[in-house]
Structures are given as structure tokens and as C-alpha cells.
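Heads up, the thing below is written out as C-alpha cells.
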């Protein structure tokens, strides 16, 4: 009986903890910090295998944060260059090709610092929280974030399958080899 | 006395001896009693068992909804309060509304019907007991789902009418609104199962002699409401399950204006259900008022036919008013005026019923017992809500009051006055029948007075607040608005209500386990439900009573006429003709089964799973299929020799 | 300033009149029925009449029948009068103005965008959360929603009207008493529904015309060094990608137009009085005041914040 | 090189005219009598060059000194060695890889024995020696434009060509530099920065040199820029004048000499009053297309681009002077007349297309007209002295408007196809790139026909909110394009401007995004986006010869006489541009709004061609 | 408690009845009402959304194809015959005939479900492109669920008749099953007319 109760309690706690994360509307919380260390963009590294600190995107598994990212994506005219993920002036974001890496902190760096071939720097215009929200949305476009947290269709013209319908994906060109990543 | 529709064929001097009755009762008890043990408990299909589970669950939901309300009132007690943030608050008021409407009010009204309709019409059981159990389990899954979600921070947060596009995929990410849509689905299924059951039961299972004009008014109300459910619930099912959920899950565009969808469609669909919903709660409640008044004034109600007609007209008109929830939307003005007129017309049947009750009291000898007090409380409170309701029918005024605390006040006056007060009266009135014990009158009076005062202190100030500009669903307000003092008062009132309900709960608990034992008919009431033991045995009646008037137990005869001949070795029930209630056939009622629970759980898998992936629907349907097959297998077990009435031939006996 | 009971337009006045009439009649009815119920519940008439549980004497029955019929008839009568009265008020409200100043209002989560229409597009005036209207002139509102449903409601002026995506709704009124009136979003629209207020400033036509004329002119460019620094902070930070200030490079439309920001009495859609202290507090951490608001907290240094606030204070 | 002042003496002009008239007569003698008259007038027009040796060169059909061949923009070559009879024998003579894989929209130019090629970003310039076999490189110039400019170029990183005058080559770089090179050595003569990528400005157009002024305009109508045309001094690179296309009259260079034909274009400061406050400052009206010059009237003609943002609801008013045709003085920029083609433009109908200056017999009189196959779907025939619209006929399926009111000059929009915010308006034809985008038309005086390469696309549009942040897109529109009626996405059409009727048309599966050239051999050349370079009979549209190049063709073919005295045809192959962005930019076709909706119409392009960048030269 | 006086004996009444005399018939009718009403609401919503379009189906969306739906409609109408024969045999308690006709009924109804797949695609649009597509898919999809349920019911009944000894009551159930099938077919006729034929006509 004790055993069953313990299982039940654990299960209940698990439900609460997991879905809390996904459903949380972080309104007043402290802003997430910028990644302390940038993840290299290239796989090729001289010398012994380098161990890097990959951070999780703080909103990757947060449905509300991802949708806020979606709102910013339109408001900050990201959609002007990257369209609804298919690209245009800028490269597509819904495919599996990542010039500067697909890891949250790599994308954070791409947004915050800009990239030489035309991506502007946003760190003076957006705060960390907003950039992280954009990171989550951008990753959701190509199916890199947990499915349950990705946005469904928008109240706009139907131009592409919603991120929630995009199959889970593995990115290409995404930084370090799996063996070199510390969990 | 009107002529009887039933031939009384047997000699007039035969009565059944106590020995015979005892033997019959024991045989019936073996046949009808739910199986013991956990498995038997889960397989129970007795309509009283199911209804009791419904009532208790729904009442727990009332408490839960009440706690949510109290928390909201505490947050609003003073301006710029920081007790509950907007996110929690939005979940609270949505869950409060959803709980009170979908998980408390409608189910408990249906549940009262499921308990008492068979008893009041002298039937052994309900038409489809397994379907009934299935309905309950569905509802129960919904209840558990909503509250697990709420504690997992996934409580719905877009209001109990979940207006799109706020509740749509673009503005409500995550699964909060999905939870709402599926909870609604569960309760719809439950309500529809109940409604079909009640319609079939009332139409085909009335005691011999209970022609249409002798049906008790509570049963009439339940019948009318069952029809309303059949036409109203599919609307919200369509809206929430077939439109909102599909918009959110598989990218449909029902409500996406860009691709030709329409946000107003949701409002039309929702209020086409939502307005009748109010009467689905209100009509059973007034059905409870009538027997209470009759019993405690010791008079048959004045204007039986008028009240029946009033119920039916109300039901009809209830479907023609939905637009008065949408006066502030850009819809044509001419249409609005039409709905104003319709909304005012519905006041007439309601007024008529009130005058009939007052007339009954006038002609009778009222005894101010607790149920009677609640009926009086109902009159004071409900009329207030009704009058504000007529005011809100005015397009011009509604545009001012709509979506403000004035409406909050109005709807609580209507629902507490028109639903909860009669329900509390009914609890006191029928508690002895359900439990076999009486509730304490003194506690009851305290409960009543605190409740009446609390209700008015809470909700009356809200009228003023609303007109002073306070919109509903705001989690805070600024001090300069001047809304502080009246809000504080309302909070005090809410706490008073909470106290009164606590008193009731304690009273009920104490009485149930150690209250004064009730007789078979403690109030000397007239209805058939009082013709059997308190609490009623699983088979309800040893022999099916025969009805000669609207008030069988007030008949001046010494004996209760009954029909005999139903088998006691299997669950046999008497089916009568639809209008005259002549005995027509005997029907074998199913016994306990685990399949309703299994099927409800597998449906739960379908609906809850659909939130996460459409594949769950396929898988869940597969699992449900097993349940349906098992159910069907069990329903087609050989049952011995049957007398078959061939459609155009004689009765033949077959195995 | 924010109440249905102090109408400041013929429209609101008519509805308030209707209300007082309904209130009076309703109160009398309620009192009558309640008194009757209490009376019959306590009087115990039946004792004198009969002990038969099922039947009342025919003469009593007839009397009751008459009374019930009369009451129902009275109900119908009152409703009929009410219906006529209501329709007359409704028709007054439905009188579409021939020519009117048209103001476009767009509801956003959670603020109000306001545009004064003009046949000459360059004379259009944009503002937010505060609507100036001339006294004695009918004003028409064209209401649209940018995201979810909102509802535009200034109780002193007229009833509310929903702003629904995919629809354009209209509303008009004529302010007849000068003053400042509060209004608020009345349809639940998400996290900050509670703090989505606006003000209607009804002022004499001359004053209004002056305000409107000033509205299309950009504010004075800053001169002193702190203000210049403040402007630079504005332009080089996140401010400029959401807000617009007339005459400058900031022309973004995500947040309220700040051209004449200091001319408005409140900030954050009616959440705070427009004072220097409040503005500082607001910019430092908007979500502390309106949790969930879309305006981000930007990491300003104290000097920057000071200059920025000083600059914003000059936008008259 | 002899330096010529812009104010060439009238004597000189007369002399030149005489020479050219002779040349024209010679040519006329070779062709049929019925077209000789129009040829004669056109040639006279064409050769009306005022300055330097360009006049001689332009008159010399062996050369090709500017993308449009002549000031009248006819793209007609009097060379006739390659003709309908022998074109089937055309073979590849030489190729040259440009080293760039973006959309090659430029025309190579030929001056003397040198061919000059400009590539898309990073805008390399190659000088190729035609005297040596295999196109050996004489010199290469790399302007090293800012990489970041790629981020503000709306529709691929194209460049539409360079231009030669007086020993110098002039071209624009994507990052807003106008550069003059010494044609012989490839050394920079001057380099002027005329725009700012931080404001969203880029430059893709081919300059035109008129009377010592290098005329250049900016791109960026999708970025909230303020469009302009500048006149730079040919020798020093100094900006002599700037004519904005929005704003007060003094910025637009509308002065007392201005006289618009229609009332709708008359008034003071319309560039301000037809916009919501301040919006003219970010209102687009760029200039990235073609300029023509009429030396007799001393007027340049060109159109301005779309107003910004695309979403018309945020910019109530006529939005002057976007989508407007201007006639200006080349030396001062002063506007002489203007005609707004698409007032309050609803669908990104830029007015940057070419105008062909010819004299046409209309209603029994020969009128000096300009012909514009306009993006909004109509071919405007206008009096080039006054700006009167003589006729405007649709040259494809148009439903966005019902026609042009010749009395008021106003385009009659179809209210059903008016874009709305938050509502998809379906099947708007033509789509945003118009019936014809930048790809230039040719006019043959021999046949009297226009040869119009164009597309046949329709679209769905939904207006969305547009936020202005300098240097980022400012569009406010969701677009989804697809093939127009008939299913063919492109068409190569011959049009008789006098009758206002189509003569023949070749339906192409893909948009015909290349330029065209027509010769006195009655052969017209164009390329398709799947890489076919085609020669057709100019009289009847019969395809006479075709060659599959390595990539889709969106460049402008030219024809010239090589140092060996034979006629050659050259074209750049390299798919890209707006229509080819899906290949050039590697876009994802799952998003049908990608590349401003173009991707949806071009989702099969990656299976038909790949990136490339190659010069092809053909000869007999 | 009052003493009970028996006044009538019901032991001679039948225990198995058909049609409106049986409870199950009423339950079936109840659910038919609910499902029919839901279909009506969906059709109403479909027509409501139509007002938002200048053309229906929206421009660029082809008309629904008619071939497969018409074939299926025909098949559904034909399938009413075996269904009626089942009911007729059941009312005679003729077990072999019931079994026979149930098999025929399965054979006639199962293909309708298979055809339904192509019938959905015959709408020539996807559910996630426009509201038109959503409405059409939802209506047809909802009817498909009715079809599926009823066919499963028929299959189950057939199976049970063959593998186990069925009680007499099962004959009544078989008539109710046919009754429900008439409804399913009947409700499809207006849906077919409105969804497949309607856009072409009005």
C-alpha cells in the first residue's frame, strides 16, 4: 500500500513538475541570463576533444514563451527576411541547415550579435528574455523543441504547416559532435 | 375523478400479506442489488447508486468552485491587491465558471432527475442503467482531468465561454484551453446519456395509469430539460470538440478570420447552447419548488397545466435568445431588437409560474420548514435576478451592463436564486429519502439565513460596481476607481456564504451518519417516491404502483393499488405506452457491468490523448472498440424463455 | 469620472433614463412580489378554507385564477411598455450621424491605438490610450482588433462595442459635458485585461481643434545635452523598435505612439499617473506593474534612465 | 578620352543627327519598304546621343554600351548576319564563369573589342578581351562591398548591369556605391557612396549616363526607404542633384516648370499631403529600373517603385510620388511632368519598368510616344511631351483593376481585390511582381512590335501589421503566388502598340524573367528560367533555335559584332532574382510565403535548374 | 406504509418487442436526434461561413469531385435494401435469413466506408487550408464517424450471430440496427447535396 502511494505521489508530482514547465507564463520572473560561453559554430577543432557547456534554451519547453517569441518574430520584422520560416532575404529557418549552428546559445548569439552576411545585431534592441523567446520559436520552426510546446496555426493566411505539426528533427551543422557534449 | 386509463382487472378485496411481500422483497433484493466488493462497486448500475455518485461528486465540485470563488473574492477585496497574480486568477475564474456550470449545476440537476424520476413514476429502474453508469464515469473522468490539470498549472484561463480567438491556437498556447474543450466534451457526453435515459424512462416506464397529465411536475421539468439537453449540448459539442479542438490540434480554420473563419461563429454556437444551459439548470430547480410547496402548504399546486405549458414555452424560447449575449458585437440592429422582444417574452412563463406558486401558498397552510424557507429565498433572490435579466434584454442598457459586474450579479442572482436555493431546499426535502435520516432543522435554518444574507451581501453591491464601470474578469483594479469598499463588502458576503455552506456540510455529514431516522414518508408528501422505504431498496418498489391521480399518496384510499406479475428472478421492468401509460411489455433490465467504466476510461484516453496527438484518437478508438464489443457481448447473453410480440402477429415463446 | 450614473452624452443620458425607469418599476415589482410571498407564507389562509389536500373550493379557485391572470396580464403590460421605451431609446442610439469626426481605435493586447481620420491623410493624428473629443459634436469610432476580442467602453458616454478580429464595428456619441472620463476594455482579453483602460477627454471645440492641430505637429527637438542624450538612449535602445516619436527616426508601431506622450495623463493604458517617478518605475520593470505586459525591461544605467525619462517628459 | 561637357553645342547635335540619319537610311534600304519609315524615325531617335564617343558607339550596332542598347531603350540591333534562315546554325563560341552563384540579371556590354561583365553581389567586374580566343580576362575589379548589404537586399543580390561612357565604366554596388572605373585599366576613377544600408537601401540598377550625368537610383521598397534618383557628375562622382520620390516639392524637384497632364497629379506638396504624417519619409518609391532619354526634348523618363509598406491600409492617400512616371531634365533633375501609374498602390506594382521611346502613327498622326509595359498589367502608350495617356491596354489577365480612365488618368481598381488586413483576398491578378517585372522589352522598328518577356502569376494576399525598424523589412503582407489563368507562369509576347493588340505569344511554363533583344535579322532572343536560350522568329514567334545553358537564364541577352566582323550573341546564365530566389537562396518551399510569396509559384524550380554563373557567347 | 392491493397482473405481457414498443428503439432514436442535430449544426455553420466568401468554394479551390461521392451515395442507398431485409427477417425471428442478410449488409456497407476515404479527398481541398476546407472535412468526417460506428455495430452483430447463441432480444436489436442505418443513410443525402453538389449549383 505504501508502495502504491509512493508511486502515486511521484506520478502526481511528475505531472505537476513537467507540465508546470510547459504551461508556465513567466511574467515576473528574473530574466534568463545570456549564455556565459558561446558554443563554437564549427565541428572541426584542433587538439583533443573540446568539452563545451551547452545550455538549454530557457523557453524551449515553454509553450507561452515560444509563442511570445512568435509574436516578436513578426513584430521585430524577422518574418520580413525569413518569411514564415521559408526564408527570402534571409535563409530559411524551418529546414535542417544551420549556418551558425542550431543550439540555443548559438542561435542566441546569432540574434544578439548578428551575423556578417546581413543578420543585424539585436542585443541593443531586445533583452535576454526576448531573445531567448525568439530562440525557442526559431527552434520550434524546424522541430527542434519539444512538440507540446510548439505553436499551432496562427490567425493568418495558411502558408505552412504549424510548428506543432512539424516532425521532430535532428539538425545538421549543429556544432560539436554528440560525443563531445556534456549532458 | 377522471377515468382511469388502466383496467383494474383483479378482484377488489385482495391485499398482499406481509409474508408474501417479504418473500418478494428478498427475491427482488437478490436480483437487483449491485454486486459486493470493489469489482461490484465499479460495476454498479443501480440508478440510485449512479445518481448518488453524481450528486456527491457534483457537490464536491460545488465546494471546489466555491473555494475558487472565495480566493478570487479575497484577491479583489482591496484595490491593487497582490494575493493572486493575473495568470492564476484567470485560471481560477475560468475553472470556477466551468466547474459551476458544467461540473456542478447541470450534472447535479440531471443527477437529481436520475435519482428521483424512476421513483416518482413508480419504475424499478431507469431505461438504460449501463448507459447511465457510462455517463457518470465520463463525467468523473472530466472532473479528475480538470482538477489534475489545474494543479499542474494547466487550468484553462480564457473564461468559461472561451471566446475565440483568445482561446484559439494563436493566443492560447499550450494545452490549457484543450483541457477546457475536453472537459466540456466529457460533461456533454454525460449529460446526453442522462437526457436520453430520462426521455426513454419517462416516455416508456411510467407506472400504469400515469398518463401525461398526471406526471409529477418535477418529472415534467426533467423531461423538458432532457429535450433541451438533446438540442443544446450538441451545439457546444460541435463548438468545442469539432471546431475549437480541431482548430487547435489539426489547424482547422473555423475561427481564423484570415482564411474565412469567423470569431462570431463561436459566439453563436456557444450561446445557442449557453443560453438554454441556464434553463437546463433553472427548470429542474423550479421542478423541485413545486413538490416542496405542495408538501409544506398541503395543497396541490395551482395551475398544473399552466406550469407544464410554461416549462415547454420556456424551453422553446430559450433557444431563441442566444443573441442577447452578443448585443455588443457588430450584428445587425434589427436582429437585436427581435432578440430583445424574445428575451422579454420569456419572462412571462416564468412570471406565471411564480404567481401559481404564490397562489398555491395562498390557498394552503404553509409550514416554514427549511425547504420552504429556501423556496421563499428562491423567490426573493430569483425575482431580483429575473428583473435584472429583463433589463439586460434591452439592447441599449445591455451595451452598458454587458460584461460588467452587473452581469456577474445578475447571473449569480439567477443561478443561486433560481438554481442553488431550490436545490438546497430539495436537499433538505429529499435527504431523508436518499439517506433514511433527517437533517437537523435548526442547523438548516442557520444555513438558510447565512446563505441568504451572504448571497445578497456578495452580489447586490456588484450591480452598483458594474454600473460604476467595473468589468468582469479583472484580477485587480486601481484605488482611484473607487471600487474598493463595495468589493470589500462583497468579499465579506462571499465568506458568509462559505460559512453557511460549511454549516450545511457538517449538518449533512452528522445527520447521514447519526441523524434522526426518517420514516417512509416523513413529510406526508404526495409523490410516489415516498411510497417506498427510505432509503429506497435497489428494486425501488416491491410491486409497481398503479396511479389514479397526480397525487397518488394523497388519494383518500387506504390501500395503494399495485400491479403484480413482474418476475423477481431477473431484473424485469414494466414498459408502458407512451401517452396513457398502459402496461405494454416487460423488459429485462441489464445487471451490473464493468464495461461502462472501461469504455468511459477508454473514451477518456481518446479525448485526453487527442490533445497531445491525433494518433491517440486512433489508438484510443481501438481500445474503446474492445469495450464496446465486451459490452455488446455481455448484453447478448441468453436469457431463457422470452415471450416475443411479433410486430404483426401473435405472441410466441422462444428461447 | 467612470460611471454609468454620471452620463455626459445624450446617448448615455437616454440609457440612464431608461435604467432609472427600469429600476423604479423593477423595484416596485420585486417589493410587491416579495411582500406578497412573505404575507402568504405566514398568513396560513388555507386553514380557513379547507382541509382537503387535493382540492380547493371552487370560489377560492376562481378568485385565485382571476388574481393570477391579472398578474400575468400586468406582467405583459409592463413588458410591453418597457419594450416600447427600449425601442425608442434604441432608435435614438441607432441614429447614424450624417457627418462626424471619425476616430479609428485599434485594440491591442493591452493598449488602445487611436487615429483621427482626415480626408487629407497628412492631417491624421495618432495617439494612444487617451481620446480627445469635442463637446457638442458627434464623434464616430471605427473599432478594430489587432489580436483578440476587446470591448471599447466608456460608461459616461455610451454603451460598449466589441472589437472583433475580422470585423469593423462602429460606435458614436456626442459628449455634452466637458470633463475627463475613464473607460476600460470590457471583454476578457488575456493577462492584462484588468489594466487596459483609456481616458476620454471631452473639451470645448476650440480647445479640441487646437489640440488636434498640435497633434499633427512633431514635438520640439531637444536642445540641452541631457535631453539630447536621452533622445539618443531612446533611439539606440529597444525603445525605438516599438514606439514612434513624430519628427524622429523612431516610427515603430508595436507600442503606443509617444509623439505627445507627456500630453497624456496616464501611462501604461491607464495604469499609472503620468509622473516622472511613475515613468521611471514603469521603464525599469514594466512587468512589476503589469505582469505579462509585452514591454520589456531594458537594462538601462541610472544616467541613461534619467536622461531618457527627462527626454520623454518633454514630449508635450 | 576627350572630355565632353554636358552642354554640347547644337551644332554638334545636328551633325550627329545627320550621320545617324544616313546610317538609318542605309539600314532601311536593306529591309522591307513598309517598315522603313518607322525604322528611320526610331533610328533618328536612337542615335540622338549628345555626348562623347558613346554617341558613336551607341550608333554603331557592333557595340553594346549600355544594357538598353540605346537611349530609347529599344534593345534593337541592326545587325543581320544572324537571321531567321541561319539562326539554327548558331553554336557556342565561348563561355566564362563569373564565380558567383546568384541571380545574373545583368547585360554584358561590348565596347570596341572588350566585353565587360558585372556579376551579382559581390559585384565583380570583368573585362574580357574579345580578340583572343576564349575570352581572356583583361582585368578584374572587386569592389569588396559590405557583406551586410546582403541582409537588406529584398530579392536576391542581383545587379542589372554597367554602362560605358567616355572611357569609363559606371556601375552600382549592392552596398550603395556608384563606382566609375577606367575602362582600359580597371582602375577606380571615383567611388561615391550614395546610400546607406542601415536605412535598408541597396542598389541594383544599371546607371544611365546622360549629358555628363550618371543617373542612379536606390532599391529597397520593401525596407521602408525613401526612394530617389541622383545625378552624379560623370567625371568627379559628385552628387549634382537628388530627386526624391516622396516628400515636399522641393525634394522631388518639382518646380515652376512642372506641369502634370492630369488633375490628380497637380497640386502643391502632394508628396507630403498624400501620406499620413511622416510616412513619406519611409514611403518607398525607389528607383531600380530603367531610364530612357529623349535628346530632342531633353527629357529623361523613368518610373518610381512601390510605396511602402505593401500593406496599403497603413498608408491612406494616393502616396505620391510612388509608382509614378517622371519626365525630368537630365542636368538638373527638375521634373517636367509626372504621371502616377498606380495611385495608392495596393499590390506592389512598382513603376520601374522600361519605357521605349518611339514615334508612332496614332490616329493618322505620328506622335512622339513612350511605351511602357507596366507592372500593373497595362501597356501605356503616352505622349512623352505632356504625359497624356493615349492608350492603356491589358497585355495579360488583369482583375486587380478594370482599366485606366483615359479622362482622369486614374487606374480603376477592382474593390473586390483590394487587400485587407486580417483577411485573405484571393486570386489577385497580376501578382506582386506584376504582369512584367524589371525584365526589359525590345522593340523592333522592322516589325513595329514589342517583344515582351513577362510572367503570368496571380496571388492571395493578407494584410498584416507592419512595424518600421530602419534597416529591416517593412512589408506588412502575407503573399502566396501561383500560376495565372492557363497555368503557364510565363509568356513571351509580341505586341503591336499601334493597334494595342497581341500579335503572337509563346507560353512558357516558368516566368520569362530574362531580358530580350531583337535584331534586324528578325530574330528575337530570350532565355527561360530552366536554362533554355531561345531564338524565335520575330514575325511569327516560331522557335528557330534553342540551347540549354547550365543554369536558368534571367540575364539580358545582347548582340554585337566581334573584332572578327561577325555577329555574336551573348547572355549570362545564372538563376536567381525574386523569381529564382528559391534556388539562389536555397529557400524552403514548405513555406509558401517565402520570398514574399514567390516560392509558392516556383516550388518546382529546384528540380529544373540549379545555381550557376556563366557567360555564354554564341556565333555562327 | 399503506397496504398494497394488486389490481392487475402483467405476467402475460410479452418480454421482447419490436420498434417503438421496445426501450432500445427509443434510445436509438435519442442518439439519432443528437447526431442528426449535430450534423444540422455543422451544416448551418458551413452555410454561415459561406457568407465570408465571395466565391464558394473559395477562388483557386476546385469544386468537390462528384464521381466517388455519387457512387457512394448510390451504394448507401442500395445498402438500405439488405438492411431492410435484415429487419424483415428479424421480425419473423428467421435466424438463417437474418444471418444471410446481415452478411449481405456487411458486404454492402463496408465498401461505403472504404470509399469514404476517397470521398474525403474528393473534396479537393485540405482541412487546414481554408475555413471552407475545414467545414467540409468536419461535416463529412463527422458523418464518417457515424458510418464507422454503425458499420462496426453491424459487423459485431453479424459476428455474434455466427459465433454464439443469440437471445431472442437480439432480433429486436437487429431491427434497431437497421433503423439506425436508415438514419445514417438518410442524413447523408442532405450532406451530400450541400457539400458535394451545393457549391456547383448555388
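Worth pointing out:
Think of it as A, B, C, D and E in the order they're written, each chain with its own count starting at 1.
Just so it is clear, a residue touches a chain if its C-beta (ideal position, glycine included) is under 8 Å from a C-beta of that chain, and two chains touch if they have at least 3 such contacts.
No experiment lies behind these values; they were computed from the predicted model shown.
Looking at the partners of chain C and chain E together, the chains they share are A, B, D.
The distance from the centre of chain D to the centre of chain E, each centre being the mean of the chain's C-alpha atoms, comes to 64 Å.
Mean C-alpha position of chain A lies 47 Å from that of chain B. Centroid to centroid, with C-alpha atoms defining each point, chain C and chain D lie 53 Å apart.
Each chain gets one centre point, the mean of its Cα atoms, and the points for chain B and chain C are 38 Å apart. Shared contact sites, meaning residues of chain D that touch two or more other chains, fall at 422-424, 460, 462, 465, 467, 469. Of all residues in chain A, those touching 2 or more other chains are 25, 27-28, 75-76, 125, 153, 155-158, 161, listed in ascending order. The set of chain E residues touching two or more other chains comprises 52, 58, 128-130. Checking each pair of chains for touch leaves A-B, A-C, A-D, A-E, B-C, B-D, B-E, C-D, D-E. Those residues of chain B that touch chain E in the shared complex are 6-10, 12, 14-16, 21, 127-128, 131, 192, 195-197, 199-200, 203-205, 208, 230-231, 233-235, 237-238, 242-243, 246-247, 250-254, 256-257, 259-262, 265, 268-269, 272, 520, 531, 533, 542-544, 546, 553, 558-567, 572, 574-575, 578, 583-588, 625, 628-629, 632-633, 636-639, 642-648, 651-652, 654-655. Residues 147-155, 222, 422, 424, 460, 462, 464-465, 467, 469, 471-475, 478, 480, 581, 585-596, 599-600 of chain D touch chain A in their complex. Of all the residues in chain A, the ones that touch chain B in their complex are 12, 15-16, 18-20, 22-25, 27-28, 63-64, 66-67, 148-149, 151-158, 161-162, 165.
Residues of chain E touching chain A in their complex: 128-130. Those residues of chain A lying in contact with chain C across their complex are 25, 27-28, 31, 68, 71, 75-76, 124-127, 129-130, 155.
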